[in-house]
Amino acid sequence: MTTPKVTSMHDAIAELVRDGDTVAIEGFTHLICFAAGHEIIRQRKRDLTLARLTPDLIYDQMVAAGVARKLIFSWLGNPGVGGLHAIRRRIETEELARSGETPLELEEYSHFGMVGRYTAGAARLPFFPLRSYFETDLPRANPLIRLVESPYGDGPVYAVPPLRPDVTIVHAQRADAGGNTQVWGLLGCQKEAAFAAERVVVVVEELVDESVIRADPNRTIIPGLIVDAVVVEPWGAHPSYVQGAYDRDNRFYLDWDPISRDQAASAAWLDEWVHGLDGRAAYLEKLGADRIASLRPGPAPSGQVDYGAYR
Amino acid sequence: MTTPKVTSMHDAIAELVRDGDTVAIEGFTHLICFAAGHEIIRQRKRDLTLARLTPDLIYDQMVAAGVARKLIFSWLGNPGVGGLHAIRRRIETEELARSGETPLELEEYSHFGMVGRYTAGAARLPFFPLRSYFETDLPRANPLIRLVESPYGDGPVYAVPPLRPDVTIVHAQRADAGGNTQVWGLLGCQKEAAFAAERVVVVVEELVDESVIRADPNRTIIPGLIVDAVVVEPWGAHPSYVQGAYDRDNRFYLDWDPISRDQAASAAWLDEWVHGLDGRAAYLEKLGADRIASLRPGPAPSGQVDYGAYR
Amino acid sequence: MTDAFTKSEMMIVAAARELAGQRVCFVGVGLPNIAVNLAKRTVAPDLELVYEAGVFGSRPARLPLSIGDPTIVTGATAVTSMFELFAFYLQRGLIDVGFLGAAQIDRFGNINTTVIGDDYERPTTRLPGSGGACEIAINARQVFVIMRQSARSFVERIDFRTSPGNPGGGADAARRRRDQGWNGSGPTVIVTDLGIYHFDERGEMRLDSLHPDATIEHVRQTVGWKMAVAPELRTTPPPTAEELRLIRVELDPGGVYSR
Amino acid sequence: MTDAFTKSEMMIVAAARELAGQRVCFVGVGLPNIAVNLAKRTVAPDLELVYEAGVFGSRPARLPLSIGDPTIVTGATAVTSMFELFAFYLQRGLIDVGFLGAAQIDRFGNINTTVIGDDYERPTTRLPGSGGACEIAINARQVFVIMRQSARSFVERIDFRTSPGNPGGGADAARRRRDQGWNGSGPTVIVTDLGIYHFDERGEMRLDSLHPDATIEHVRQTVGWKMAVAPELRTTPPPTAEELRLIRVELDPGGVYSR
């Protein structure tokens, strides 16, 4: 029923991510598509606005590589480790003076604010109301956080505007060739970010037959209808993780800290691990089979349910 | 970790549904809890406000039995068959004149309006905005549908107010003794209606061990945290259906049409099938094993996924 | 009408043919459901079926008894909450064609499915209400209506506007749609037991095709306003043998909706 | 400080004890995570762990490396979208205790985790920002803070207010909370390496318990305002052998957070 959309990471990024785009690579700690981020770096895209609740290492690397002019976000850090130094270098006064880099534009919300933005974008709502932001300095820092008066006489609340990325990139456990995509474990706001976008790239650990998807339709988070490209890229979320497939590679998160503190070391890392490789297969080979193997979890099967055949 | 909440339908309704309450028995065509509706009739609750997108046969029966003074709804009908005659008797001019019954209060929305109301109730939002209702007579018929001005200069949209039922009753395939509840197939707006409510009753086909729930946490739609009572009542959704367990009993929907057109016939039906029986077991026995057996679907297993053991 | 097919079969076939080339269809029960499934087997094989109950990419193994029959779920591509269905599919603008029924319709395609009578609170007849209709009317890119026509249903003035058509006429309706940020272009096709109607540049219904055996006189008797008629009025080609076979053997073997 | 336990262990134990009788806790990573898991094994066995990544009823088999470690999912009671977690759990008012960290805190418990420096756009130090903190601060029924105290962190005036504490003081903060429809009663417990603080009726932090070996002088040196001290200042009972065993053997065997 659906057109096959399977393509390579190179072609998906070349065709669907354009200079100046607003790009959302979503996935809250889970299913962060590093493979797509690296391909964007490799293709030297420019002037991107990068949207994501938690910029994480992948956006730090993309900022270090010079693809971004702006961040839309709610929490800036290397989870469990510390700061994102490539990004901070383009924000903090002394660092900017020292490095001479262009300041990064920032548009900052809270987590629920970002989720509300994607939700409004996905639902074509003109705004999303929430109870946050009173008695904080956030509306002062971001004039897009605005008051809206409840029509029921119970006073104002704050609202956030819709966010409609040009491209949303989502990593998932599996999809069929038509782009029907299933995820288990943390869902983050990938569904909202995908429906909010003009174009959607889905990157999966495994391409499955349509019948696998149709056997359990409640697990589908993104319908092929809104998907432009399906890229099959096992381990494409490394060093983040995929529920049931592999663990977070924490060493990588720790290692990035000293590298990212140093401009030259960051550039050298990018040369070695991104520009110097032609894609994810080469990256995995360089990473080594042992390191990969150490990230595999034990089994924890879900059990199955019966949908019933109604004829 | 959770207190057992398993109780009988009698006790759940006796303790948790009070005269004058706003009660939502939700479930969009799927998982409509007739067993709870019948118990409310049997206990002769009074002055209830009944909320539900599609009042369906169960609210027609409850209105016929005199438990309701008001409906909050978006579509009034016997799906695939016709009208809901007990309800229409308390709305239409000539019927009211003929029957001498008290008019039923109505508060009417569209489907998305009702879903938005539950969503706002569940999220403690003061209102939910949507693009519907312009150029319709609905805001005139229901002054609770109000305009709200977008703070982004793109004009007004309509909003609906939060709906917070005193009690929401949800039927589901399975729950554990703590009330952690899983559903597959159509999800309707049961999650939103449950989180919006002060009290929640979950009625299940099957009580399962906590480990079954914990093996597949993505299927949980309602956490035990918000559940006050778990009632184990197989076939409790008959004549509606339970995905994977039984089909809709269409004959019942057809049979209700002529019964409900006649006040005396409706009363006789209620006497025979509700007041004359002490609960669901007696109802099923009266319905007969053959009829029940004919509603079983064939198998359609979901397949299973792996969450991974991370130690 | 000939003996070879019923009025309902003609309506189903005419509606199905109008779906040629469409991709995503919001299905109603009854006649629309059969029409959509017929189109999928004939003029629109790639049609994706969406049910407001929360199903995308449905492949019902039998004719669904209601809009939420379990057969629409088993084997579907995706099942979502109703919030997501209405917010992310419909209001988002992903639906190409939505079907509506009508108890009353006016020349601009404005629809009443709420009450008959002047007093909303104490009507002569209480109808189902909107359900998702007022959302489908503004958010589906096109709206198709299938209904039997009579002087009671095709009226000069509807008693209650449940779902907007082209309020204020063509240009004005387009402006209002734009101002409200609606996705849709409003009603585009009305299929009745007598003919097929589209909407002209004034946003008014126009008879474009008469079904076999129907007459303009019959149409005029069953419409409460002066119906516009296309300068080159066509005759609807009767159902083909294959279309009738699909309806009678596969889609509605009991003839519940099509007889 | 004695040799028997570290300052971090004292903080973890003190925070865990404050969770006695609590039911639903929004867990942060690091010290709060160990404190919550310690409480579950000691004073609050029925504690339900909620992670902002979308998990309710989590039973991590190991200490989570991040707020979204896969170990918080496997074996949990429910996994939800972040929309549902923030809307239906947090903003709905189902969270009893939320944990916050702070780079700067003032006497009213207002917290800065955004920037150090007067210019938001060009700060001296860019911190992580709110994440879910400003939502936790207003929607959790109680807010616990665990942090090391110093003259740089306990300040008279914070540079940026990321998460509200008791703005305007006790009565005024209560009124503002009511007006905004917030669920929470704001910050209730601050646990530092020197002591335990609660808030008095003026909404101001008050030292209620000094950890073993800490002194009031040390507290005063590390606070940028005149800290109120309880008339009957207690001494925090040191960690028990069992508490230390749980931390060292079960919860943080590598000593990553507790050494």
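Note that the chains are named A, B, C and D in the order they appear, and that numbering of residues resets to 1 at the start of each chain.
Operating definition for what follows: contacts are C-beta pairs under 8 Å (C-beta built on N, C-alpha and C of every residue); 3 or more make two chains touch, one makes a residue touch a chain.
As the structure is a prediction and not an experimental result, all values here were calculated from the model.
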Report task. Give the chains in contact with both chain A and chain D, ordered by label. Result -> B
Report task. Would you mind pulling out the distance in Å between where the CA atoms of chain B average out and where those of chain C do? Result -> 28
Query raised in the report: Approximately how many whole Å separate the CA-defined centres of chain B and chain D?
Result: 40
Report summary line: Rounded to the nearest Å, the gap separating the Cα centres of chain A and chain B is 38
Report task. For chain D, write out the residues touching at least two other chains, lowest number first. Result -> 55, 69-70, 73-75, 79, 87, 91, 181
Requested in this report: Any chance you could list the residues of chain A touching two or more other chains?
Outcome: 119, 124-126, 130-131, 154-155, 157, 184-185, 187, 191-192, 215, 218, 243-244, 247, 297, 300, 307-311
**Report entry** Category of the chain touch graph - line, ring, star, complete, other
**Finding:** other
Report summary line: Touching pairs of chains in this structure are A-B, A-C, A-D, B-C, B-D
Requested in this report: Enumerate the contact residues on chain B facing chain D in the complex.
Outcome: 1-2, 119, 122-126, 180, 191-192, 195, 210, 213-215, 217-218, 220, 223-226, 307-311
Report summary line: The residues of chain A that touch chain B in their complex are 124-127, 129-131, 146-152, 154-155, 157, 159, 161, 173, 184-185, 187, 212, 215-216, 218-219, 243-245, 247, 297-311
Requested in this report: Using the touch rule from the top, collect the residues of chain C that touch chain A in their complex.
Outcome: 24, 45-46, 48, 55-57, 59, 61-62, 69-71, 73-79, 84, 87-88, 91-94, 181, 183
**Report entry** Interfacial residue positions of chain A with respect to chain D in the complex
**Finding:** 28-30, 53-54, 73-77, 79-80, 83, 87-88, 91-94, 96, 103, 106, 108-112, 115-116, 119, 130-138, 140-141, 154-155, 157, 184-189, 191-192, 241, 243-244, 247-248, 250, 297, 300
Requested in this report: Sort out for me which residues of chain C touch chain B in the complex.
Outcome: 29-30, 52-55, 65-70, 73-75, 79-83, 86-87, 90-91, 114, 117, 119-135, 138-139, 160-164, 167, 176, 179-182
